[in-house]
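The same chain A turns up in both complexes below, where it pairs with chain B and then with chain C.
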Partner chain A sequence: MAAGAPGRRTAAAVRRGRTPWALLVPALIGLAFLVLPFAGLLIRTPWGDLLPLLSSAEVRGALWLSLGTATAATAVSLLFGVPLAWLIARTEFPGRRAVRALVTVPLVIPPVVGGVALLLVLGRSGLLGRHLYEWTGFSLPFTTAAVVVAQVFVAMPFLVISVEGALRGADRRYEEAAATLGASRWTAFRRVTLPMAAPGVVAGAVLAWARALGEFGATITFAGNFPGTTQTMPLAVYLAMQESPEQAVVLSLVLLLVSLAVLVALRDRWVGTP
Partner chain B sequence: MTDGRLRAGTAAASALLLAALAGCGGAPGGDGARGGSLTVFAAASLTEVFTGLGERFEEETGSTVEFSFAGSSDLARQIADGAPADVFASADAPTMDEVAEGGFADGDPEVFARNVLRIAVPPGNPAGVEDFADLAGDGVTVAVCAPEVPCGAAAEELMEATGVRIGAASQEEDVKAALTRVRLGEVDAALVYETDVRSADGDVEGIGIEGAEEAANDYPIVPLASSGDPGLAREWVDFVLSEEGAGALTDAGFRPASEP
Partner chain C sequence: MSTEGGGARRGAPEGASGAEAAEPALDARIAVDRGRFRLDARITAGPGEVVALLGPNGAGKSTALRALAGLQPLSAGRVLLEGRDITADPVERRPIGVVFQDYLLFGHMSALENVAFGPRCRGAGRAEARAAAAALLADMGLEAYAHTRPRRLSGGQAQRVALARALAVRPRLLLLDEPLAALDAHTRVEVRAGLGRRLHDFGGAAVLVTHDPLEAMVLADRVTVLEGGGVVQEGPPAEVARFPRTDYVARLVGLNLYRGVRHGTSIEVDPGEGGAAGGARIEAASPGGGRVFAAFPPRAVALYREEPVGTPRNVWRLRVEGVERFGDQVRVRLGGELPLSADITPAALAELSPSPGAEVWASVKATEVECYPA
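Let's turn to the complex of A and B:
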């Protein structure tokens, strides 16, 4: 705190200097690389046919399914992901580092592989799914629930990592103070830890939601593809590409606009941007 | 105006793709191949047969044959975007028509084989499927191809021809994905091609469908106008259309093109 004033002065001095070409040129190339594909999408959008395509029942069905499943997947991720992040950040147990590494595995494997793995465990002939099917006659694949399961698998790690980082950054002395005042660990978590980590939780939830909305590989592998039940927007885009690329472009544009709108709204509302 | 922009965009994309592909393909293709090299774009269902035929063709002509197997419509789009292919073999006529109408074909496409749909069930047929009408039953989980891809279009046609509506659990992105559902035991049955049942080699059982010939897919082949070696491209097409080619196709479960 005391070092605030001189720190600010140094920062201003650094900012006044000339932007070095060695940084500016690659930065602009990187920006162009990220933005150009969207420009291509906009250029190839058949604007005249936009409304009829948008109002088709299939497109609306896929969009609502995507929004609904991504939101459900985020809720499930919060329910299990926040406690998991707390466990990794705030407790000591043998193999804690291994657990942390395991949580990040879904981040690095191709989602299709995740879908195959889910199928082998939760599918009708899978390790656990087999028993579920024998007892109840219910099998998860090809249901909307399977879409949510696939999305949770790929999205929850983002939330866990984000919340864990926030918990590590939060000052533990407040929790200790709460404990000395007689709060149980559960009360301290609810009343002290969670409010302190709130920005991290929100950021993690937004990341998880965005990731779930874009989920393709695990969904098509595990949940299959059927309009109205399991066909989310990314699946609809992929299949439209087989027959009419114009429709695929429109679907992509819708997905892009919706996700941008939601992310921008959430950013302004909760996640402070400097 | 939209059209003009669209065309400009396509042209730019094609030019980029061509430049990229020419850049990486140049060196290895040139040396070692006495009789030139050939790139064949072929429907995924032709993978096994064409790979086998390719080896024989290489021995006979001393050329190098490279394949790109994918969904026919994917390949057609790549050709339209300027992918450097010499020959295109499609799993259905409409996709080939698009390529021909776009002016990418060198000559008229010729049908070299036909493929009919079959029901694939897991070994032992747990759901007791006996004919096509059984697939409409309540207790049977079925995977079909999405209507956007050729095998799904054929399935639609078959459902219309027979009046049987299948309540599919999933519309798969290609026929191999539908077959995989059966192999993994996730569905009781799938509508696939006869050739897929054959290539699954005992992992699935096949059940014939009465009237399936009505909805058979024609497989057309054509040399492409963009070919760098039109002579060799023509030779490959003739080889596929030859008795040797027809024999290999029949062995794989395809029907001869001439059969009505």
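Let's turn to the complex of A and C:
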């Protein structure tokens, strides 16, 4: 392993040697940078007033809205994202690589830009939204549905990338085996490929859910900030920060705990970390 | 190049039933073009017949099997199964069962669910499919493992589940890709015996891909040898073993093989055959003429330090090129006017005590030489 090391002894000695400072110091600074904000949050939490603050209708409303919309966004992402991932991973068509690149665009553009783009397409005078409004009198922006749409826009790419990776990693010969047993492509996908890619699908869904839960920019641009209908937790935190920082701290704590709970609950079963 | 070699035998074998098949159950001509590799082979199998596709790595055996299954598109040819043209049928509608090399059992299903998968896909009800699967597993002696996941099965058990899964769809043709390759040597003998019995009971035609001559000899009623994408020899195992037609087959069955022209009882070996110099002669017992193969086993060769007296018909002065253990014998590789392998006892080797490059006399009785038309 070690270049030029003649024997096992040298390799073992190298492994036992000191961790180099040049790596250790930046690593510890990095760790502190990631952990300290949470410590600050815990230290500044007004533990005494926690319950009354938490039980306020506003906080509860925002929390349920967040959990509900993030879950709905994850479900929508699964419904469309898994087939999209399959299309990219398992079929050959012209422009497949371009499609794959397009899917990742929402990952890199600022969410606010995504919100603006959604408004331009789905807004009351948008490309599609105009017709929707003319025919049904329904305008999507600034509704709870708009919150979900904004979250799907930013979260689905995570799911697609994760599922596509899992599908790519799955051995195609199992699909061939299923075919020789009489399975159509749809049956093979449903009963063989998807179960084999399940860990990747769940990991992608968790990522998408977490991303949807924390979504701010696209939501506030496309869905606005109306308590009860579109004001999710991140928006509530931001708003509370202007008026009563204490409440912002409590809301942040709740968001943190919910995220941690989900991660811990799923980690051992699905998101296997070595 | 589809080989329609003169000596290659084709058609139904004298099966256990004794019935001469009017037409083969499987009659396929498959051509696959893949860049520089071209497979073009005719593969036939009689009803109830087990045909082994034998060949070195890269000969196109697995490609041929995939083409029969419909997993590999043909560039030309057709596949007739019991008189029906299935060339254009998609994989899932062919009445074919496949046992894959690594079995490819579905890891998230129990053994029973694996076996029931095929019947379910082909329209059987849930209860019906499970009952059929349970019966098949019981046949394989695996009822205790019905609810076991594949990764908890031993290699031999997994092999039987894979066979049961392939048989569950009641195929008319069974394809097996190196069915014993994933097993260790110890398990292989036992599993091979079980597989042989089940192939015999199966009743439909079966095509078995293998690179192991022993497997082909034991399991198959007929052997089709593929080399470089074409059929080079075909026949019952005993015939292939006795009358090899290529160097590859000769090496597999352990014979020294030469091409040449026969004049009377004397065969003039083609220059370049196995590195032979021009003019080498082999004497056979019976006279004849024309282009022939001459073959003799390494154990028929005797080696001497001095030119043997008593005039055996075949004597060549050769050079020792290598010595290796071969069972309880020693295999001596010799070069010179007629390169050959000789199997002698360790005692004979000690007596000979050749140094590398030493010259020795090799002799073979004319009656040991098999001579057959090329």
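Please note the rule applied: the second predicted complex is superposed on the first by the 250 of 274 C-alpha atoms of A that agree within 3 Å, B and C clash if a C-alpha of one lies under 4 Å from a C-alpha of the other, contacts with A are read in each partner's own complex, and residues count from 1 in each chain.
Simple rule for what comes next: a contact is a pair of C-beta atoms (placed from the backbone, for glycine too) under 8 Å apart; a residue touches a chain by one contact, two chains touch by 3 or more.
It should be emphasised that the depicted structure is a prediction, and the values quoted were computed from it without experimental measurement.
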Chain B versus chain C as contact partner of A:R191, first or second or both or neither: second
Touched partner set for A:A240, first chain B, second chain C, both or neither: first
Contacts of A:A178 with chain B and chain C, given as first, second, both or neither: second
First (chain B), second (chain C), both or neither touched by A:G48: first
Chain C residues touching chain A - in the complex, by the definition given at the top: 69, 71, 90-94, 96-98, 100, 102, 104, 106-108, 117-118, 121-122, 165-166, 168-169
Residues of chain A touching chain B in the complex: 40, 43-44, 46-48, 119-120, 123-125, 139, 141-142, 220, 224-227, 230-231, 238-243, 245
Complex interface listing, chain B residues touching chain A: 2, 5-6, 9, 13, 71, 73-74, 77, 141, 143, 146, 148-149, 168-173, 181, 184-186
For the chain A and chain C complex, residues of the former touching the latter: 171, 173-174, 176-184, 187, 191-192, 195-196, 198
